[in-house]
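Encoded as structure tokens, here's the structure I'll be asking about.
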Amino acid sequence: MEVTLTHYLVLSTVLFAIGLIGVMRRKNLLMLFFATEILLNATNIAFAAISHYIGDLSGQMFAFFIIAIAASEVAVGLGLLIVWYKRTGKIDLDQMNSMRG
Amino acid sequence: MFEAIAFYLFAALTIVMFTITVMTSQALYAITAMAAGMIFISAFFFILGADFLGAIQIIVYTGAVMALYAFGMMFFDTTRNVIEKRTNPKIVFVLGILAAVMVVAIFVAPIVSNNIHALYPVEANVGNSQAVGMVLFSKYLVPFEVAAVMLLVAMIAGIVLAGKKMDKSLTLMADDQIALNHTSQESNHKGGGH
Amino acid sequence: MELYLYIALFSPLVGSLFAAIFGASPKTSITGYVTSALLFTSFVSSAILLNYVMGGHTVHVEMMTWMATGDLYIPFGFVVDQVSVVMMMVVTIVSTVVHVYSIGYMDHDKGFNRFFSWLSAFVFSMMVLVMSDNFAGLFIGWEGVGLCSWGLIGFWYQKDSATWAANEAFIMNRIADLGMLIGIFLIYWNIGSIQYDVVFAEVGKLPIDVITWIGIFLFIGAMGKSAQFPLHTWLADAMEGPTPVSALIHAATMVTAGVYLVVRSNPIYDLIPNVGLFIASLGAFVALFAASMALVNRDMKRIIAYSTLSQLGYMFVAAGLGAYWVALFHLMAHAFFKALLFLGAGNVMHAMHDELDPFKMGGLRKVMKGTFIMMTLASVALAGIYPFAGFFSKDLILEVGFVEHHYVIYTVLLLTAGLTAFYSFRLVALIFHGEDRYKLFGIHPHEAYKFMLVAMSPLLVLAIIAGSFKMTYYQLVTNLLPSTQYHVHSEATYWIMTIGTQLFVMLAIAFAYKKYANWNSVPDGSSAMENRFCYKLLWNQYYIPKFYEEVFSKPYLELSKIAWKQIDLKIVDAMVDTIANVIYKTGENTRDIQDGNLSTMLRWMVFGLVVLLALAVAFTVGYNAVGA
Amino acid sequence: MIDHILTLLIFFPALAAMLGFVVAKDSMRAYGIAVAAIEFALSLWLWYAYDPMVSGMQFMESTPIVAAFGINYLLGVDGISLFIIILATFFTLIGIASLTETRRIKDLIITLLFLEMTMVGVFAALDAIVFYVFWELSLVPMLYIIGAWGGPLRIYASIKFFLYTFTGSLIMLVGMLFMAYFYYQATGMWSFSILEWYRLILPENFQLWLFAAFFFGFAIKVPMFPFHTWLPYAHGQAPTIGSVILAAILLKMGTYAFVRFSLPLFPDASVFFMIPIAIIAIIMIIYTAMVAYAQEDIKQVVAYSSVSHMGVIILGTFALNVEGVSGSVFLMLAHGVVSGALFLLVGVIYDRRHTKMMSEFGGLASVMPRYATIFGIMMMASVGLPLTINFVGEFLSLLGFYKQSHVLTLTAGVAIIVGAIYMLTAYKKAFFGPVTNEENKNLSDINKTEMVGLIPLVIVAIWLGVYPKPVLGPINNSVESVIQLMHDKAQSAEAKERIPDLSGKNGTISMQEAH
């Protein structure tokens, strides 16, 4: 019943897949943001696990910076979301199609 | 043994929480499950001996990020069910699972792990927080400072974007509106003494 | 002596450039005088050189390097030896006469200056051709005369037929020139040099099949320039040019360049008697073939052109059978009387306002006495009557054929001699005797300028007495050429042959006179003879021009159009455009993916991720499989 | 200064072009002529200072750009590139001096000067990356010239020109990168220097692939059959000056690159591909000559004839002996002079009649005799008459290839026949016959501006036809070193046999001296 790196990686992958499904599934932008947080956290687990099993702190450093980036992302993202909501009254992804090629 | 039980327990909990986050149509459920999931993840960090990271995880995610989301949700009408149009749900799951399977396959195949050498080995006689601090303020000093600046910028950006006067902001108006606004301002300027 | 060589070579060029300065301006007689004077200078220099060469010397100069790369070294080198000096004399004499004559003939032409420029340029090219000491220099002259011939045949460029004939001549010659070029390549890669002296010294060491190929390719070159079958059609069409041009280029000099080439390359052809026999057979065939076409033709200049063709056949017979000096001798004699004949024809044309059909003439001897005498004598010389030049040279060729035991060739040539006499005098009789049919067409003929007749007189003299130079000539050229004497073994046979030939020829003349001297109508194509198959065949030149037109020219044009419109535009280019279109269409069709829906884009992103992961897995598995 | 003359030659026109933006519009022409004249004088100085006895590179300059990857700003000229550089400066001068274009002349001259920079750069570059940069840069001014001053279909033509040649160049770039990588594998150092690459002996199968990669880039540029279809459009739509530069210089980049890259880098592959390429060259010669014969537009005749002659250049290049390669290098110059002149001449009549259809002409010889004469001379040069510049090149190219294959040379020799056919026919259609079209009756003959461009070309065409030695000598020396290098590098027995060994060649030199 030894917990190996592989276990953590599989867990990380499963969480990542859940996040991925969320990203694809969600149309509400706020919900989409949640899904991206899941993605980030999934990778964080992988980093921390690798860091632990290899015995190298770099993994933790990456995870640390990811958390920092996630925080900024939320700040800016939510700001933009509010702007968008005030402008259109909706935060539905399907209606954001001004980039149509 | 204890470690294994903890791992499986928290793994199950995290997966369940995040699945709820992704699948629910109630925004409040989602955010609650999310917050719970974040806390459960910090448990992994503690198991892995990354105490500092675990603490950060709880503080930043559950403290700051979730609070921000909670505030953000106040702006939107999220007490109702989130109505979303679902297109091709099967593709979503197939793709997600496929991606997961692929990654697992790559991870399971033991090719990568043999070649990795520790550049900044964990020192046995210092605690995790101390070790992290040593690496963070030596090797990663510049990125750390950059990250700090980035956070500051993000904070300012968040305030500016969500700030009150934003209905006057130029980024929000359509082109003709801007022109209109501009001329009206100019005329105000000329005509008015105020 | 080098100075004389350069004078002889370059004075025509100077004259040509001088005339070219006035090329676009209206007639200035000075160009005629200057070019003629310079030609005369060239002639005098050639004469001095002849004198020098007769003393047993030769002049060999190398002016400068032309091409030098790798092992190839080609200089502008010139040699005056026993063979080239003879050619130089022929060329300068005839061209001087023709230049002077042309001052009168081209008197009223707008392109007077241009004409002299081209004509002198031609003489220069011809001099380069005969004087060069290597095959590349020969080729310069070879192409140069081709160019001038193009310019002069198409001299009256407003006439479509003239420019067409010019292009035909140039292109046909080009076909042959390719053969010659290949011959030169063969020589270079097998011997390492294309200098005559080196080549002729070394050629014996080569394998026989290589020599044979060299001989064949060089002869292909000669066939074009000398208008041998099957490249003969251009010569008759070349008569579109002004008559002095026909006299100089298409009778006396350029067309004999092929014979000159074979004579010059005698060390090569001596080694390959089989090719020689082929040349001789072809020559005999062309002699008869051309003479037969001359029988019925109704164009004065074309008749003479066919006769030229026929005589070239004689020359090739001699050259092919190894009697190089005989060939060269006939070349020389022929140049004189044939040029004379052409110039006489030019007088007649002038008198008749460019009418060429002898049936529309008749009785001109009354108004054109001088011309009449000259043309008759030239025809006599052509027919080979003793003691005119033609007798000595042509009879000799018959003898060569006989002595070398090629009796078929001999018979053919004998027959041709009869035909030659017949058509020559058919022409003379139709033009100068009989009723004055020209009156029907309201023409008032007049004799040419006096000085033109005077200018022609040297040719007349030479046409009469050239035979007497035979032994001097023989001694001169046999320094360089094989000195085989051709004597029939028994005295009796010789006399029977000679007298028999003479009688046969005279009989033919008499027949021609009898038939045509009292001609009194212009045929209109309705008589029984004119509708016979043989007549039609000959009249249409054995349908060969038509054949070429149908089999080569038209299909080539059609094929070209197909190549352009079908292949180039519809296949090659369309393929390129298709590739471009596929890419463009792909973009056009896939732009729907960019529907602006972020959700869809996210799905595509994940899809891409999956694909990349799959590739990574596949490659890893594959790599491990191979690595293991 | 002489040490950096190549840098000067490359960047002087570019600097002058930048300054050109501030020059007044009226004096732009004079400015352009002055700059081009100085540039031409510089190139003549280069020739003067060039030592013809030395076969290797001269005036070399080297400055590291990306030292880690061995990318250097490496320049140098030898006999092969020297004269093409002079040709480029010469044609820019002539092109600007005889410019009859009136629309936006300032932009045009500035573009031409930029183009000059890229052209000189391509021929002077000895570093593959520098070469590639100039090679691609040259597309831009030409694209602009065709696209801005061209005919009605100019956008299509210019885009086709650009994309087509660009695609080929990309494949070539891949080849270059691979080549550098092989060099790295062999020596442990990165280098893009062509001279360094020369020392590399590659296995034959590598050579084949790399040869093919380079071949696409060059073949499209040349353009070889069946990649030639961009050219008629480009010529058809380009203004006169564009066609002149395109035909005279830009096409030479392809053939030059064959001599500079393909032959010395891949001797075995060159021998391997010799016969197939010769067959393509022959198809190109005869087929495009036929297409030229079918044309109704005189400029297209010249355009296709230019393709046809490029076939002979290719053939000479792949003769792989001194005679053939020297001949083909010389023919590059000859083709530049002659086809450039022919395009200028077509431009003359186009300026007067605004049509290029031969059916619209006829009888021009009597209206414009001087024009007809110059056209005639250039046509005869194009046909390859001895004592004109083309003959020397064609003769040597065919002579060289004859060593390799008798039958193919015989077939290729048909060039001199078919060339005569389409050229004479076109000349007959345009210049001979009566003047039937009223509009042609009062055409003015060539004026002074046009003479300025054409007379030097006529002089060069005849001068180098009569006395090619000053040019052929240096070419010969450099080509000999290339051939020797190829022979030494060749591995297969066939290649050793096909490429002559010149090391024991002292005998012939003494023979030449004896003459």
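Some points to look at:
Chains here go by letter, A, B, C and D, matching the order in which they are written, and residues are numbered from 1 within each.
In this text, contacts are C-beta pairs under 8 Å (C-beta built on N, C-alpha and C of every residue); 3 or more make two chains touch, one makes a residue touch a chain.
A quick note: this is a predicted structure, and the numbers were derived from the prediction, not measured.
If you compare C-D with B-C, the chain pair joined by more contacting C-beta pairs is C-D. Chain geometry summary: the mean Cα position of subunit A and that of subunit D are 59 Å apart. Rounded to whole angstrom units, the spacing between the C-alpha centres of subunit C and subunit D is 36. Separating the CA-averaged centres of subunit B and subunit C is a span of 94 Å. Along subunit B, residues 91-92, 95-96, 99, 103 each make contact with two or more other chains.
Listed for subunit D are no residues, as none touches two or more other chains. Chain contacts: subunit C has residues 599, 603, 606 touching two or more partner chains.
This structure has the following touching chain pairs: A-B, A-C, B-C, C-D. Chain contact summary for the complex, subunit C toward subunit A: residues 591, 593-599, 602-603, 606.
Contacts from subunit A toward subunit C in the complex involve residues 20, 23-24, 27, 93-94, 96-101. By the touch criterion stated above, subunit A contacts subunit B in their complex at residues 1-3, 5-11, 13-22, 24-28, 30-31, 33-35, 37-38, 41, 44-45, 48-52, 54-58, 60-61, 63-65, 67-76, 78-83, 85-87, 91-92, 94.
On subunit C, the positions that touch subunit D within their shared complex are 23-24, 62, 64-73, 75, 136, 139-140, 143-144, 147, 150, 154, 157-160, 163-164, 166-167, 170-171, 174-175, 177-178, 181-182, 184-186, 188-189, 556-557, 559-561, 563-565, 567-568, 572-573, 575-576, 580. Within the complex, the subunit B residues that touch subunit C are 87, 91-92, 95-96, 98-99, 102-103, 105-106, 109, 111.
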